[in-house]
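The next part holds the structures, each set out as structure tokens.
You will see two complexes here that share subunit A, one where it goes with subunit B and one where it goes with subunit C.
On to the complex of A and B.
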């Protein structure tokens, strides 16, 4: 009896010490923080982003981690609310003591968090769209998605090529639509484009025929641009066809997902939009440097989640891969300053959004060639150029 | 002229949905003096359930009927599990319970369905009718006739049937109603079921036009409430007229003024109603007997 107990205790002690020994290397794990809009109105952004990050962390840990250290992702859900995002940002910096942060699904949450990471000197890669995030350049802030300004430029380039000079705009009043509307107005002059009609709609509006009727009745109008995301653009597209407007309709990269085609149905035929290569992976030329990257991501994501990919998950993919690469280049997983420096000097990185070449003046590193001009034909994307 | 007609069509379509939501408010208000803020969620549930049942391979009519039935059941459960246990509470408390219920239903929809935007095909195609230069979708006509049919049905129910009168009696004085042999618990369950079914019908009719997602209920409830207040709380005819009026005001504001003020216009109307004639266009003057 007594002997048994002794044996038991010894085994237990041995087991405990073995576990402590095992646990020690875990202290050197790489802590990466993230707060995304996994639920709420912008969940169509945050949901695939979070799933992509989780998938990549598993993948990198299975391959031995970054510089031999396992990665642990600390994930928060801010629901797209800037207030919550700010709270989580503080928590990531002060309590979790992460080495870098990926996140901010929306421009609103990103901008709310920027001051915290700037002050704490933590590298921060945003997944949101607006140009304001990286212009002016902020030392610790980077982003992966194309900006709305680039989308405007891409659309206007296409219009110019088609001899269009007078256009109407119908924009969502949400953060994305509002910001892109401003950027389009800003750059329109550079392309000799005059905006002769300017209408808006609210994020939860369900009928835009009155606004479109006004656009339709504007003299000399040659095309219409609709900056916005969510259900708005789908309803605009349907109303557009209902009213029988024959002019070309341009959507933004905000609707670059299959669900837009499903929601807008036949009305989506002929709609043009700028989007990342991810959307048309199968139609990319064989020698396109992005092809192997996007094909792999699509396959991995679909195997891991059983859901089709969206460009939004691709933004998280680019952010994580770029961060991991920067840590490897810098040879450290703890020195924030060295990681930031490596991020800023990212060059020739091939992601789902395009080829990234960052510099101290450019914390995005993408140019217009990263966008493909697409047209919806027979319910699918076609590259036109 | 054609543009005015277009605004009218747009306003009537959207307004008919508000009217249906307002009618839903009317039923529960008539039975219990409670304003059920989960009314918008019934619209959402009707649309979302139809989408998912339809996708599972059930023909659209069957899917719509099942969705309405399902929503009515949820209405009954809402009454049984949330309203009935708090029967002794004041009306304000009950209203707050319905707000809680609406948040709960929205969360549930996120988990049971998903967070994406959905639609199902229109009942009679998407080819619009061209009337004097303005266009009208066949589905809009479905919505308008649907609202009219629900209104006539409810009007007849409240004025012509014993059951309808029992609902009104329950609202008027629960104790007295019980004394004359009305099963007030049954009446409450019935009014929640009816109200949920009306909301779900709105969801079914309008989803092909406006699309649906788990969070459309909040704005619909607010606009429907505005419509009910404008028409006079508790009056089905008022709900119908109020809904259509709000829809028309919104569409003409968006068309002639700016869509930025569209939502504001609807709520300014409410404030004006409350200030100038709190009983609404067709409501009875409330009197306090001393």
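On to the complex of A and C.
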């Protein structure tokens, strides 16, 4: 009797669940993969990127998904470790079978993953800086952030306009400073600029007056560039004024945050630097095409997370929006080749980094106009151009 | 029946069977990669089992030797024109020599000097790899030449193979080889001296063992193991960054060794398996991954003092007797 009852109820339960399963056909989902450095040393990159992606997925699903299909984001945290990133990349491709991947917060993780996506033919949009990611062009690899090469070019363009041809460089020895120093050396010749002094400082140095004194004593020097990240550039700026060096000082996009002005204080007056529009959203001209985009992102991000925006989250914003647009243009959420083709033909896309026009030879699609030249006046950014 | 087989043969047998049957349970080809990573970590850990488990010495810089092995495979093919396999051997020789050079003065001392010295050595290697950007590519890393395993086999048999599948079997054989050497060492005269050093340095010295020399032997062997593991990782991933030589990676290797059971080769491999596979299983918990890992480690340390495998074995045999 008892056994009979058990069998009966189980059969009933099975029947009911089978019917509900039939009644709700499995919805096609758009699987987008992502592996970022959410924790670890590079978490200042990965954390805002991950939050931005989560926010955008919610937003797009609330609006009906891409081509009517809901988006599911498969998110892994590689901690900035290239070996882990490669493992997660393999997992995304072979196990999760995603249609496209956004991620790689650092150049190291990105470069470790590139061969996997090239081999599996999955579109991949990197959020890392180095120019090596897209130069030479790789068929399935794209990226959204400006390169440090562009920052150098922007600075040198401004110098050229001001008749400067002999400069000194003082670079941080961290990854950022080292990479940008190399790029600046590379492109200086194109702008008829000669680097007559080349000094470096360690990431934890607290006094750069000896290096700056060397630069000051170099004959014919007309301006100084300081590629660096973190507190180093603020110390350089203070020492620069203490030594009474009366030459233009150029900082990099690495210091484009309010904390630099706070750290350097009055010494920051007159310092020039290239920066993305996102940081000077309020100062943009009303007719600037980027203004509505960056204002919306800033507002959305701050409401969603309660934190201030950073350019890094902006890179993820651009990547996701561009991918969604490519899927809509291609009219497919499954055909990788068609999505890749649409991505490569992205044109006139307005993101937080600038206006993107990709081509088969250019998988970044940004030009120098993506950078604004800023000068610090009265403790605030002023766009000069 | 099984008990009549000598323990080291039994251990190798168990290991080969596990390596053979694991792929039958793989739901997708991605798991071959995890398997390969487990094997590569296991090789480094077997070296540490010899150093920590047999000789009772602690090294906090073994990732440094992995770094040397990895960068040997990245640099030697382009700068010296060596084929990748010879670069692996070159890396192992350099690591062994460096271990000998550093270990010789340090291992004459008693106590934790080796831990401190290796800590410094590991950091120095990591700094060199980070800063000599013109050779190593700096923190952004560099590409590594292919070992040509997959291509070679495809050419030989005219088939289409997945790199990770080929590597799974190659690394599996390497682990068996490494385990075989370590297991044989255990019962050899050298192994017995090493274990006596572990139990009591004074007693070992009293019976006439050259303690410093044998500690050095263990240190050099373990450095070679770590270097080969590093080379294999570089050749498998085809890309390498200085992260491989980081202090955290050293700690990770020691944790794997101690977690599984420092005294036994199979225990070390169990530790490597757990710590390599667990982060993949815990991605669902995402935010709590590190908490879970820490919790598991604490529980093992508190309740399984000898490590995972030896405790398990002890409980099982006790049950069997009762």
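Keep in mind that, in the parts below, the second predicted complex is superposed on the first by the 339 of 385 C-alpha atoms of A that agree within 3 Å, B and C clash if a C-alpha of one lies under 4 Å from a C-alpha of the other, contacts with A are read in each partner's own complex, and residues count from 1 in each chain.
Operating definition for what follows: a residue touches a chain if its C-beta (ideal position, glycine included) is under 8 Å from a C-beta of that chain, and two chains touch if they have at least 3 such contacts.
From a predicted model like this one, the values you see are computed outputs, not experimental measurements.
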May I ask you to decide whether A:305 touches subunit B, subunit C, both, or neither, giving the answer as first, second, both or neither? neither
Taking the superposition as given, does A:213 touch the first partner, subunit B, the second, subunit C, both, or neither? first
Of the two partner chains, subunit B (first) and subunit C (second), which one does A:47 touch, if any: first, second, both, or neither? first
Partner chain(s) touched by A:91 [first = subunit B, second = subunit C, both, neither]: second
Return first, second, both or neither, reflecting whether A:267 touches subunit B, subunit C, both chains, or no partner chain. first
After the superposition on A, what does A:259 contact: first (subunit B), second (subunit C), both or neither? first
Once the structures are superposed on A, label A:234 by its partner contacts, choosing first (subunit B), second (subunit C), both or neither. first
With the two structures laid over each other on chain A, which partner does A:39 touch: subunit B (first), subunit C (second), both, or neither? both
With the two complexes superposed on chain A, say which partner A:130 touches: subunit B (first), subunit C (second), both, or neither. second
Overlap of the subunit B and subunit C footprints on subunit A, listed as residue numbers: 39, 173
Sites on subunit A touched by subunit C in the complex: 39, 75-77, 80-84, 86-87, 90-91, 93-95, 106-108, 111-112, 115, 130, 132, 173-175, 178-179, 182
Which subunit A residues qualify as touching subunit B in the complex? 39, 41, 43-44, 47, 173, 199-202, 204-211, 213-214, 217, 230-231, 234-235, 238, 241-244, 259, 262-263, 265-267
Touching subunit A in the complex: which residues of subunit C? 27-31, 33-34, 37, 131, 133, 138-141, 143, 164, 233, 237-241, 243-244, 279-280, 283, 286, 289-290
Within the complex, subunit A is touched by subunit B residues 3, 6-7, 9-10, 13-14, 17, 110, 115-119, 121, 126, 128, 130, 135, 137, 206, 209-211, 213, 215-216, 219, 251-252, 254-255, 258-260, 262-263
